[in-house]
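Should a chain be cited, it is by its letter among A, B, C and D, assigned in written order, with residues numbered from 1 in that chain.
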Amino acid sequence: MGGRFTDELWEATADLRAAIDDLEFLTQLGEGSLAPEAFRQYLEQDALYLAGYGKALAMLAVRAPETEAVAFWAGSARTTTVVEAALHEDLLTGGGLPPATSETPEHSPACLAYVSYLIAAAATEPYPVAAAAILPCYWVYAEVGSRLARTAKDVLAANRDHPYARWVATYDAEEFQEAVRTARDLVDAAALDASPKERAAMRRAFAIATRYELLFWKSAFDLEAWDHPLEGIDVHHPV
Amino acid sequence: MGGRFTDELWEATADLRAAIDDLEFLTQLGEGSLAPEAFRQYLEQDALYLAGYGKALAMLAVRAPETEAVAFWAGSARTTTVVEAALHEDLLTGGGLPPATSETPEHSPACLAYVSYLIAAAATEPYPVAAAAILPCYWVYAEVGSRLARTAKDVLAANRDHPYARWVATYDAEEFQEAVRTARDLVDAAALDASPKERAAMRRAFAIATRYELLFWKSAFDLEAWDHPLEGIDVHHPV
Amino acid sequence: MGGRFTDELWEATADLRAAIDDLEFLTQLGEGSLAPEAFRQYLEQDALYLAGYGKALAMLAVRAPETEAVAFWAGSARTTTVVEAALHEDLLTGGGLPPATSETPEHSPACLAYVSYLIAAAATEPYPVAAAAILPCYWVYAEVGSRLARTAKDVLAANRDHPYARWVATYDAEEFQEAVRTARDLVDAAALDASPKERAAMRRAFAIATRYELLFWKSAFDLEAWDHPLEGIDVHHPV
Amino acid sequence: MGGRFTDELWEATADLRAAIDDLEFLTQLGEGSLAPEAFRQYLEQDALYLAGYGKALAMLAVRAPETEAVAFWAGSARTTTVVEAALHEDLLTGGGLPPATSETPEHSPACLAYVSYLIAAAATEPYPVAAAAILPCYWVYAEVGSRLARTAKDVLAANRDHPYARWVATYDAEEFQEAVRTARDLVDAAALDASPKERAAMRRAFAIATRYELLFWKSAFDLEAWDHPLEGIDVHHPV
């Protein structure tokens, strides 16, 4: 090819990313018109997601072959766990959103499936495949964030405290975009040493994770819930 | 309480298990009237599931505190991977079922979510919690198998080569029921050493896995598929 | 090359294996003249070693890319944990050996270093490297066992209950030799898919583990002990 | 008891720590009179050690039960990997030390045993035990660093670029001492939720790691080497 391996990954998932771009959730998020319930569900689920994402990143650090990669994934695990959790804490308690429906919300079906998939990949797949699975959460977010940042400017101009716009600004931050570039570089480097079988698995993993990105946002807009929530189960039994 | 901890787990999930008992999939499986397409989808997904289940069991062996537990989980990982894969191979190629729609079928949404959850739990949760997550696949299967075995006798009397009845007979086998008893004993033993926090997490994990059992069967009956199957993604790109 | 990768590994460690062949421990073990204290220390340490080796094997099963490999490593983890532990239990309590010096003997320096190395490799290295690290324990043992079996015949002829000779016979068993062949095949298969960097790491891992085999036997003969045994540490503090 | 669990750990290892305090290596390091070869061997081995230590810390992050702990261990994995590696890089190339004897020095026996033990504990033991194993490297270092810092002041007064004194100053830094306090707090918190069996294992793990601290320093002073270094093995075989 000559090109970067991650360019291949990106092109192979064009349809999925087009579907993401078409999501009503993102359109309304950028315009500031999203139902507060959907935004709250999204943030609650994102906090649960990030806790697990941090663990997947830490597992990547355990398995990474080079010092630079170990340091990046471990640092990302820390950032994910601390900084982003704090952001959401702030947003969830900061007003402007409806109150939480539960003190300990359960992972939604899409959230549990996505985060479990990433941790499972990090625990069982070769490092290059696990790294490819991790990448869409960075990269797709960064793309969506950059795009929304433009529309968000108008929203912020009208209301500088608008919670959606503040969220969007975070993912457009240069620091985050820089992390995305490093993550891409590491996946490209991993692809160079990977066998053809592993590169095929990298493509699958990247596509699966991108598809989960789509489902994650969609499920927040749909206020997706379990037919049988756990809430009714645990309480009958004393700890 | 005085009773066994696993009895608590069982009772706490009564509603979920009632929903399993009510599944049209299982009724038709026992009666031998299930659509062959649904049975094939079920077996294909079960083979994919068992491959991952074997990895979750091997991870439990890595983390188990006592020799007996290490040996059981490791032996179960082997049995799961070899014997049951062989059974399904046999059934999938044995005729009486419609041909496969794909040489390398993709995990269904329910299958990928379930097996990822188990591996992720085994990789990140304390051993007692991971063991509790593993248990429903044994225990619920054994219960369903025993129940179906009774109706299956009539089906086998009419047609001794009926593929559904042969499947049912496997899960009613004494060897499998014995494995279920050992798995329960190990979870009870783990609960004795677990902290209150861990026991609460064991309850959640057991309930989540039981709920996935329900979804797994339901998804086969519904011929659940992804809106965006991977098949259209990988092929465009040379390895 | 054309040859098998494991042949390369074998030849590269010729010096280490010659040093193993020269060990006074093995000469005396084959002749039945080994000091009972050294044999007891060896068996005690081997039991501790096998417990950890079983965990390293289970971790390999978690990480193995193909069903056959998962099944073999998981089955080996079970066999290691159960069958060989039982053998040693039998030997340790079967008389003919001096009584145990401690109910819960501590890992010797060589034993703890070796078993920790294998588990650490299985947890952090790519699968082919971890598999190469696991191999010497199978292969070197099988070679040593076959060689000793010949001299052991004379010892058994004179005394059919001689504990050393019974031990030797175990590792010369066809079942064990068959497992060694499978383990070699899996390492060769892993090498085919491995990158040059990984193959270099496989060579290092195989050599390191072979060196630990040498040290493990040597340390039993030397009755190696810690300058600061744990025994004096734990007992001062109530649980 | 009423006291902190880590106080128990500390007292139980008084003999080992006294042996550390008596090490000729540390006395000479503080006085600036250590043979440069020993300091170089120490730094080379420490760099290899820290690479593995970072992986053990990342594994702790994977297994930690609370957000705060995940963030701390992941951040520590990053710091260990990046900052301390940079320090050693600087020292190793900074002059004042004899040239490296090898471009890719091998782990010494003590270094490989120690770092393997920590990774293996993090991969197989319950989280509280793994955390206890990690602690001595922080705590004992901090104590030794504080003590040496006092003697190092005189050395620095005489020669402000003295490489030993700069090293000592690092481990006396307030930032490092703060990290030690957090690590201790996390181990104390883990002990609260641990079972009696786990707390006994925590004591063993802390003592084993403290003993390895002793051996690590001692082995640098003794210029410990393998009877069969790897260097003569790999080179005979083309990659």
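Everything below uses one rule, namely that a contact is a pair of C-beta atoms (placed from the backbone, for glycine too) under 8 Å apart; a residue touches a chain by one contact, two chains touch by 3 or more.
The chain lineup, named per UniProt: A, B, C, D = Thiaminase/transcriptional activator TenA.
Source: prediction; values computed, not measured.
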Chain pair with more C-beta contacts, B-D versus A-B: A-B
Fraction-based call for chain D against chain A, same above half, different below: same
Inter-centroid spacing, chain D versus chain A (mean Cα positions, whole Å): 35
Centroid spacing, where centroids are CA-atom means, of chain A and chain B in whole angstrom: 29
Geometric centre distance via CA averages, chain D-chain B, whole Å: 44
Overlap residues in chain D, where contacts from two or more other chains coincide: 55, 59, 62, 123-124, 197
Chain-level touch network, classified as line, ring, star, complete or other: complete
Chain C-touching residues of chain B, taken from the complex the two chains share: 51, 54-55, 57-59, 61-62, 67, 70-71, 73-75, 77-78, 81-82, 85
Chain D contact footprint on chain C (complex, rising order): 8, 12-13, 15-16, 19, 52, 55, 59, 109, 112-113, 115-117, 119-120, 122-124, 196-197, 199-200, 203-204, 207-208, 211, 214, 226, 228, 230, 232-234, 236-237, 239
Complex interface listing, chain B residues touching chain D: 62-63, 65, 123-124, 126-127, 193-195, 197-198
